Every structure is written in C-alpha cells, then in structure tokens.
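Each chain gets a letter, A, B, C and D, in the order it is written, and its residues are counted from 1.
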Amino acid sequence: MLKVAVVGASGYTGVELLRLLYNHPEVAVTCVTSEQSAGRPVSDVFPTLRGRIDLPLENLEPVGISEKVDVVFTALPHKAAMEVVPTFVKMGKQVIDLSADYRIHDPQVYGKWYDTHLNPDLLDQAVYGIPEIRRAEIREASLIANPGCYPTSVILGLAPLLKGKVIDPKSVIVDAKSGVSGAGRGAKVDNLYCEVNEGFKAYAVGGTHRHIPEIEQELSLLAETEMVISFTPHLVPMDRGILSTIYSAPNGKVTAAELITLYEAFYDGEPFVRVLPEGKLPSTTFVRGSNFCDIGVTVDERTGRIVVISAIDNLVKGASGQAVQNMNLMCGLPETLGLEILPVFP
Amino acid sequence: MLKVAVVGASGYTGVELLRLLYNHPEVAVTCVTSEQSAGRPVSDVFPTLRGRIDLPLENLEPVGISEKVDVVFTALPHKAAMEVVPTFVKMGKQVIDLSADYRIHDPQVYGKWYDTHLNPDLLDQAVYGIPEIRRAEIREASLIANPGCYPTSVILGLAPLLKGKVIDPKSVIVDAKSGVSGAGRGAKVDNLYCEVNEGFKAYAVGGTHRHIPEIEQELSLLAETEMVISFTPHLVPMDRGILSTIYSAPNGKVTAAELITLYEAFYDGEPFVRVLPEGKLPSTTFVRGSNFCDIGVTVDERTGRIVVISAIDNLVKGASGQAVQNMNLMCGLPETLGLEILPVFP
Amino acid sequence: MLKVAVVGASGYTGVELLRLLYNHPEVAVTCVTSEQSAGRPVSDVFPTLRGRIDLPLENLEPVGISEKVDVVFTALPHKAAMEVVPTFVKMGKQVIDLSADYRIHDPQVYGKWYDTHLNPDLLDQAVYGIPEIRRAEIREASLIANPGCYPTSVILGLAPLLKGKVIDPKSVIVDAKSGVSGAGRGAKVDNLYCEVNEGFKAYAVGGTHRHIPEIEQELSLLAETEMVISFTPHLVPMDRGILSTIYSAPNGKVTAAELITLYEAFYDGEPFVRVLPEGKLPSTTFVRGSNFCDIGVTVDERTGRIVVISAIDNLVKGASGQAVQNMNLMCGLPETLGLEILPVFP
Amino acid sequence: MLKVAVVGASGYTGVELLRLLYNHPEVAVTCVTSEQSAGRPVSDVFPTLRGRIDLPLENLEPVGISEKVDVVFTALPHKAAMEVVPTFVKMGKQVIDLSADYRIHDPQVYGKWYDTHLNPDLLDQAVYGIPEIRRAEIREASLIANPGCYPTSVILGLAPLLKGKVIDPKSVIVDAKSGVSGAGRGAKVDNLYCEVNEGFKAYAVGGTHRHIPEIEQELSLLAETEMVISFTPHLVPMDRGILSTIYSAPNGKVTAAELITLYEAFYDGEPFVRVLPEGKLPSTTFVRGSNFCDIGVTVDERTGRIVVISAIDNLVKGASGQAVQNMNLMCGLPETLGLEILPVFP
C-alpha cells in the first residue's frame, strides 16, 4: 500500500485526485494540505468526501510530509510548486507535479511565459508525463511534470500525424474549447455562474496562452523539427471537458480511412486512447469523468485539410487521472489501476 | 462471478447500471437488450462504453436470456416490465425490477394510478427494495421492486420521524425537485434542451404524481397509520439529482440537535446514508454520481415546523445504484461492492 | 424627458435597470455610479451596453447627482443605501430604493434582521412599492422601498387568498426557488460556475432568510392579522427566475375553479399579473426577461390543501422592472411604459 | 401600420419573430400559422405570449393569408418554404423567407446540397438579405432570402478582409460554435436536455454542413474570386448564440490596429455591427437577445495569421432580427425600428 500526499487539495484537481485515489486499491491517502483551509477536515471543504475522506487539511511542510508518505502529488499553482518540489525530490519521494513548473525544458522559455525559474537544474530530471509518448522514461522517473489539459488533448491528437510526417508542420491550427473547471477555484467575478453560463467566448487569442510553449515543445520533438502553431482557447459553459479541433494540411493526398489506420496502429494497445471508426466523432460527453482520450479523424475533401478532433475530461486525462496513471508507472503498478472507471452519462 | 442481464439497456437507468456493474468485481454483464436498437452494439448507443462494453443489444426474449444469466435487471417502462418479469421469476432468476410494476402491494391501487395489473399474484412475493428499511427481507427475496427516485428520497428522509412517532402524520408536505434525467430518454418536445434549460417549473401539482401511492404505502407502514401527504414535484435544469424539502409538525417541542441524534441512531452503520451535523445542509452536488443519500434536519423555531432535506442522485440511489445494492444483498455479496465510488465534483 | 440616475450600476439589478430604461421613451439615463469602477465607461463593465450606453461611471456624490437628475434609482447593498438616500430625498428627488433599507416599517424589526437603522424617521415616508397592492400610495410617494424578489412572488401569490380570508393564516408554507443572479455579483467561491452548476440546494433553512420580515409584514397587512410563515429558499442552476410554491389550508372546502375566479377578479385589469386558467402551471421560462408575474392555482383534493405557484423574473418584476413600474406611477406616466416587452424564449 | 403574417410560427424563429414584432411600432401581426397546432392559440404553444399575442394558429393557406396581410415571414423548413413562397410573391406580398430555399443563386448547387428546386425562376428575383452588404438591393426587393445563422456571422466577420483583398482566399478556416436553438424544435433524442447539457462536440465535420454553399457564394462575391473554405460547426450547451473563430493568412504583414481601422471604416454608421477596440473580444453573452454582431480582430504575431471572432445571437441577427431589419428596409421604414433593444444580461 502506497502512502500518498495530495499537496494543494482544495482546488478542483486536488479533489479529483482524492476521488480517483479513493478508488485505487494500492493507495492510502494519508496527507492532504491547504494553506487557506488548514485545520479543517477536507470533507468540510468538499462535502462529497464526507464519511470517506475526513483527513484534516495540513499546512504545507515539505520535510514533515516527506517523512510520512511515499508519493507526493503537488496540485499547486505554478511558482508555488517549484518552491516545494525540490524538497520532496531531495527527500527521495516520487513526485508528480500538476503545475507548469517542470514541463518546459528550457528555463529561458519558462521565464518568458511564466517567471524566473527557481530550480532550473531540476528540469533535466523531470519527465513530461504523457504515457502514450514517453512510457519508458516515466517508469524510471522520480519527478513527473504532469502535462497541461490543453496540451494533452493536442499532443495526443497530433502525435500520429507528426511521427508519420504526414502533414506540413507549419499548417497546424488548434481551436480548443474547455469547460469552466479549467479556470480553477479562485473567487473571481469572471468565473461567477451568471458571467459564464449561457455564453461562449474565446480568450487569450493571438498566441498568448501559456500552454503554447509546452505544446510546441512536445510537438517539435515528435515532428523532429521546430513547430509553431496557432492556438485559440475558448470557454464552454459546462463543468468539465476539453475538445480540440485541429486543422492541418497533409503533405500529399490522404483519406480518412488511411489516417484512421495510422492512428489505430499508433495507439494500438493503449488503454485510454480510443480512436473512433470513420464517421464517428468525439464529444466531451463520452469521456466525462473518465481517463479516456477519444480521437476522431476526418479529411475535408473540398479543401484537402485534415481535421482531427480530440476530447478528454480536463480534470481526468487532462490532470488528475493522467497523474495517477503516471504514478502507477513510476511505482511499478498496473498502469490502469484505479482508473478503470467508465464515463458518467448523463 | 455472477452473469447478469440488463433488460432495457437503452435508457438512462440502463446505461447507469452498466457503468456501475462495470465497476463491480463479482459481476459480468453478459446480456443487454433493447427493442429499438437490437443488433447494434450498446456502445454505439452509448459511446461512453466504447472499448469496455461492446455487447450487441438483443431482442427481449425472456426464456433465452434466463438460460444464460443468473441475475436480471429490468429497466423497462411500467407495463412492459410486468409482461416479462413473471418469466424471469419462473425461470428461477434473481430479478430486480426498476419499474413501478411491483412496488404497490394492492393491485387496486396500482390499477387506479397505472393500469390493470397483469400478474397480481406476484405482488406478495415482491419486496420493496429499500435496504435501510427492509434489509432482511431483501436478502431472502427473488423479486425486488426497486423503489422510485422520489420515494427513495422521501422515505429515507422521513423514516426516523415516523418510526419515532415524532410528527403529526397529517402534517407532511413534500416539495421535491428532480434533474431532467428523471424524465427519461424519450424524444419529446418538452424535454428538449431549449425547453428545459434556464427554467424551473412544478408539474403534476395537486396530488397527481404516480409516485404518491408508493410513498404513502411505505410511509404508512413506517408510521403504523394511514398517511396522506402533499407532494409537489419540480423540474430542475440539471442532469441528475433529487432534493426533497419535507415539512412536518412535531407532536411536541423538539430541537434540531435532538432530531439529528435520532437520525444518527436510526441510520447508524448504514453505508450510504449520511446524516449531516447541525448547521450543514445537503446539496445534490455532494451526492452526484454516488449512492449516497445526504440528510439534513432543521427546526424552524418561528413556526415550530421540522424541515428535513434529503438529497440523492436519482439515477444511483434513486435507481441503478440501489438496484445494485439490492443485488448484492440478494446474492449474499458485501452490500457496498461496486458502489464504493465517490461523488463527482465538479 | 426624465433625467435619471442609476446609483450602484455595476451589479445585476443595475445593468437590468439600464436595459429597461434604454427601452423607455420618456427617460434619459444621465448618470451612473459605481465606487469600484468609477472612471470607466459603464459599457466597459457591461459590454452588452457598448455603443448605446457608454456613460462613465461616477463616484457616488449625492448632492452633485441630485443637481443633475429628476429621479434616482439606488441599486446598492442594504446599509450603503441608507447612507445616501436621505440626501436624495432632501434634495427633492423621486427615489426608488432597491435595497431592503426602507421596506420594513418597524426599525426594531429592521435592526433584528439587518442592522441599526440610520434614519428611522424616513420609514414612515417610504412606500412599499408593489403596485398591485398599493398603487394609489405609490403615485403620491417620493421614496419607494422597492420590494425584494422573493417577497414580490409570495405577496402576489397570496394576496387574493388573504384579502378574501380564504385560508388559515397559520398554515402557510412557502417553498421558494431562485436563479443565481439573486445572489449578486460579488466574487465568492460559493457562486462560481462550477460550484453552482448541475446542483440544487436549499439555503437559509429554518426561518432565517432576511426576506421573511418583509414578507410577513405585507402578508399581515393583507390578512389583517399577524402572520408567521415557513419560508425555505433554494438555489436553481439558472441565471434568472423565481418560482414560489405556496401551500396553505383553506378555511372551508374550495375548488380550483372558484379560486381562479377569485384571483382573476383580484387582478382584473392588472397589466403584469397573468392568472393562468385551470390546469395550466407557471414556469420561470414563460416570464424570463419580462415584468410578468404568472400565477397558477390548484387544490390538492387528497389533502384539501391549496397550492399556489407564482413565477417572476427576479431581476425584472422582482427588482428593476418593478422599480420602473413604480417610477412610472410616481411620475404620472403610463404604468407600462418601457415595460411592454415579451419574455425571451428560448 | 403594416399587417404581417408569420408563417410557421411554432418554431424558435417563429416565436422570436413574434417577440420582436410585438416591440415594433409600425407592425400588427394579424396571422400566424402552424400545421401541427392549427386551431390552438399561439400563446398556448408559447405561454410567453399569453395575454399579448393570443391569435389562433391557422392552417397555411397562401391565397387566403395574402388577402389579409401586407408582409409575410416564412419560417418554415427548406422545401416547405418553396412550396408556398411563389404564391405569396405572385399575390404581390413582401416576403421574407427564413429558410435556405432562395439563398443559393445556382439551382444546381441548391440541388446538390438540398433538393431539386421547385421554382428556380424565382432565384434571380430573391435578394440575399444581409443589409450591411446589400442594403440598396434589399430596399427594392419583394423577396428576401434571409441569411442563415452561421453565414451571417462568417460573412460579416470576413467582408472587410475580402473587400480589402487583405488575405489569401485559400487560407480561410472557420471554426464555428452554436447554441442549441439552432437545431430547431423537433422532437429528437439528440436534442434532449440530458444529451446536450454538459457536453461539447463538433458535427458535420469535413465540409458537409449545408450552410457552406451559401457562405462560399457570398464570400466569393465579396472577394471577386471563387472561395472554398474549411468550415466546422460545433454545438455549445446554451440556448442562443453563435461565435465564429475565423483564421486566415494575410497577403502581407498587418497589425491588429490596422485591421481594426479597416473594419471600423467598413462598418462605419452600421447600427448593428460593433467593431471592438484592440484587446477586446466578443462573447455571445454580450449580444444575447439583441440584433448586434460584435467583431474582434487579432493578429497572431507568432504565426502571422489573422484571427477574427464574430458573435451574434443566432435567433436575432442570425434569423428573426435580421428578418425584421430586412422588412424595415423593404417597407421604407427606419432600419432599426423595433430592433433597438439591448442584450439581456445575465
């Protein structure tokens, strides 16, 4: 039985980790932290947990926590993460960090999009934790940079095309849409029910969203050439889900059937990626609450463009579910343990 | 490993049964039926299931089905259920019927609110499957009348008050609110997104909802006197959840603290009923996707009335989850098997 | 052309006033205030107004404002309102106050439920502005206490029964449900999209909601006896709308048809109250965005209880629309001017 | 006072026409038709209208209707429209057809995407009714082909770029998102609340949506070259609104400021198009219930691509509001009459 800490347990990815880990037969969550709610039972902050996980929320003391657990999930904002992760690593813990702090290999790039990095030396050691691409490395890692939600949907959506050199790398346009939980649990007018409900908008238009460097880093590695993409995120009035509609120009003529064969081969044996048959399209509805990534592939015969659509639950495959998957790999457990749950519908 | 059939698998309670049973370590679903979609894989109707449950939907042939399974869940409309249940019973199957057909003991009452009963002789044999009230009988039963969603929330909300003779039985008013999945999956204009979204209404006002006889039957048994209640259902623009606000007049002066003690004693050891501490109130949010029933109890000091609020997920504790709980009891399995899942939030 | 100020224009009732007043042929809004956004155009805070109402938000200086307008709407929180209303009154303005500060005649009662009243002398002068009950007084008033949203729905729902002495005044139970805009525009975690969406809950259970004294004051005047009611508010995941389900016991046997006749007579000629024919029920959907109050009346023959259901848009008839209606009356304009708009559906 | 018929009044565009026309000072709606609900008052089908528009729904008899009205709005499905429009035209009525039947000039193209055209001779006579592009022709027309909802958002979003020859016509990708009312009021499982709510999906992917020929026809005229675009529609869980995110490659380097100047000049004096200042982005929230089209323009400096975002209410500027605007122009009335209403927020 692994003893696990969830650091930063009062946000949406925190509570989702608790939901999934409760379902995990080889894990006991023994520590949860929250600066703002320290002292209160976590089930007081999230009454969903009442009677099942009633641990008190603790202050974030990395050394003390390290002494009592085997694995640490850090579900903190960027910057707050890199203030504590080095201690957990030094103490020999397996660390899965859900922030952006260790995702970008180049500290200059991190500095440009975020802040000055506090421990750039750790960046080499961190493995970008997307199991479908980097399973072997994850198994050996002690620090996982758990991917962002948008990046997960985009990387899984494009990997077969890039690996297969099917498309012009300059042609990629990603039009992405996310549910509101992606905006976090902070008390902001912009995220009030009445501000978000019954409306749809784009944000961070024009190549300014912080997930871009992370996406381009991973796509460039897959394509073996430097990639620059157009990326526009949108906000959907729903709790959960990301759907990315990805446009690209093939190098030569291709059919949907050929591409689907390519995708099926690429993801053969993957437990959580479902390549849809021709004519079927993903919906966030069909992955809600689960660790699946559903991918549909189409060719627009009129323009020749490829349209890939990928759907995930931003809190599961886009955050906490993928984190548990990474933990399983790091700890030598079956990869799907605790994650074999079906989407909730309706 | 129990072999299980889900008869009527193309509705919302059907797919919820499949989600829960997939999570159950002692069950293999080996047969799913749907008249309207027979021949198609069930994962074609519900793409949430793709890659995990791809069984073909079969026609409903009770004898053939009985030959290949141990347990049958019938998730059919009333009337359709009583056309096939007798065969399953005769074939010696354990049957959990999610329709209204075997809930009402008196065929006259059934006839008044529904239709002429086709096999009134089975009514004696059927056990009204609410484990917190009737666990012992359920263990011995071969035919369970799985309770309605509203009735579950009301009966669990009132049982301690009635058993304890705390209230005037004539004073009960239930103001109940349900998410839209309670209305089923039929193609009706009234249940279109744009008709329901952003609106709130009452329906079946004035004592006409078909769940009333079932509620009154069970409350009367608990109170040991004939009960007649006011019951008004409302439609909430959300997928899942029932919240019942239950007003009653105590026989003498009581405090919230005393009542909560009473409720805690009544539900002591119950795995799925959570009596909230004084000052806390239930929300359907906190039970969504789970088998919990959360109950809060308050006394209005200005009027002396007791206000009980109970919240369930209508598709889980109000239907499919309770059905699995009943199956576990009937089959000698641990009662919570497959149901130890936490609510999904957000 | 009346010159009008909207004081406290950065909340939901403020922007709704602006929407309605823009539609009013005899009004020019010439001043809008907001402490927190002073200096910015109001259309920057509410982009719905862009190109139509681009006035800069001003600081709240009652004397200066009084010098340039004829009518003042104060859409401030309670307490903030009574700090400025006296100045507007002293300067001879027509004032419609949307806060609770002048609704309760007895400063002791106000003190018990809210705060110490700063200018109790003004309470006698203020008229509780519900035109269907108090039209003549409103015409003569210079200070209107604009009713609360819940109170409007309850008072209009019960007035005919109380005036007609039809019911036992002790028997009234109000189960009320409101959309989220009723909670205001403050940045609180509780009102975030993901906290509210897809959930339903009661709040302020047990007779603690601040609208109770205002409701009971008005009901008592109608009934000519002191009334104490049970009142439970609930939060519906939708932007707008209040539906109150009101239970009461008649003094003798009555039919729905008789009651509807009573209601039709009581509200005969009222432009904004629609009494529904027998068998029809209100929905917040059918009044959304409009100044209507729809009322349905039923008798539960099994229990003898009367069930009245009333529906309004909390921001229109429950706040800003009623405020404009009051302004029309105070200023000698046709009562429906600017308010003859139909509900928005879907 | 114009006498007006709304033919096909039982759908969402029908009821929206009635809402807007009720607000129009120079219009009296004297006839409403619905085959399926003939005989019932229209306020029985849409209780929002009760007490204000209680006309009985009539059968669709073009000759009889023509004898009693001046203007006819046909809000019928395609094909049904072209069965009756010729009669209205022959009878000398002003006709605004909201279907697709007269939008496409080339009957071959119509035939390919829809059906065989029944009266291709009328196509020359019909004017595609987008006032910002074709105001003069509309003034002279007697048959208006009222544009589709997606086309309106795309054409208004791209017109300045195409007229100004700013972009490569081959580079246009439109990623469009619509609220659910765009799917109509038919009783289909796919449009049930629980199927649509809390999910997001694309549909008609790969260049198959029927609005494509109409969009390309109009864009080609603006660009003076044949245009072929990528167009992917998506379904947003909300009642109203369309947001189109439009990607294109400029012929040379441009800045957002330059483009906004271009847009402001192009739409100078337009009452319903609001070009947003640099740094501001549209949301469907800010146009809900109104006839506005909000447009934001950005340049992605990393890729050089232009990103235009346009937002409308699909039922107003995307259907019924634009229809009323066209009627005003055809009938020599002020263009904004009846349409000067502000968006409803929240």
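Operating definition for what follows: a contact is a pair of C-beta atoms (placed from the backbone, for glycine too) under 8 Å apart; a residue touches a chain by one contact, two chains touch by 3 or more.
Predicted, not measured: the structure shown is a model, and the values here were computed from it.
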item: Contact-graph separation of chain A and chain D, given in steps at minimum; value: 1
item: Selected interface, B-C versus C-D, where C-beta contact pairs are more numerous; value: B-C
item: Longest centre-to-centre distance from chain C, chain (CA-based); value: A
item: Chain centre separation in whole Å, for chain D relative to chain C (CA means); value: 36
item: Centre distance in Å when chain B and chain D are each reduced to the mean of their C-alpha atoms; value: 45
item: For chain B paired with chain C, centre-to-centre distance based on mean C-alpha positions, whole Å; value: 39
item: Junction residues of chain A - those touching two or more other chains; value: 12, 181, 194-195, 197-198, 237-240, 283, 285-286, 288, 346
item: In the complex, chain C residues that touch chain D; value: 12, 15, 18-19, 22-23, 46-53, 181, 198, 239-240, 274, 276, 280, 283, 285-290, 294, 340-346
item: Residues of chain D that touch chain A when the two form their complex; value: 173, 175, 177, 179, 194-195, 197-203, 205-207, 212, 228-230, 232, 234, 236-241, 243, 245, 247, 256, 281-286, 288, 296, 298-303, 305, 307, 309, 311, 346
item: Residues of chain D touching chain B in the complex; value: 12, 180-181, 185-189, 191-198, 237-239
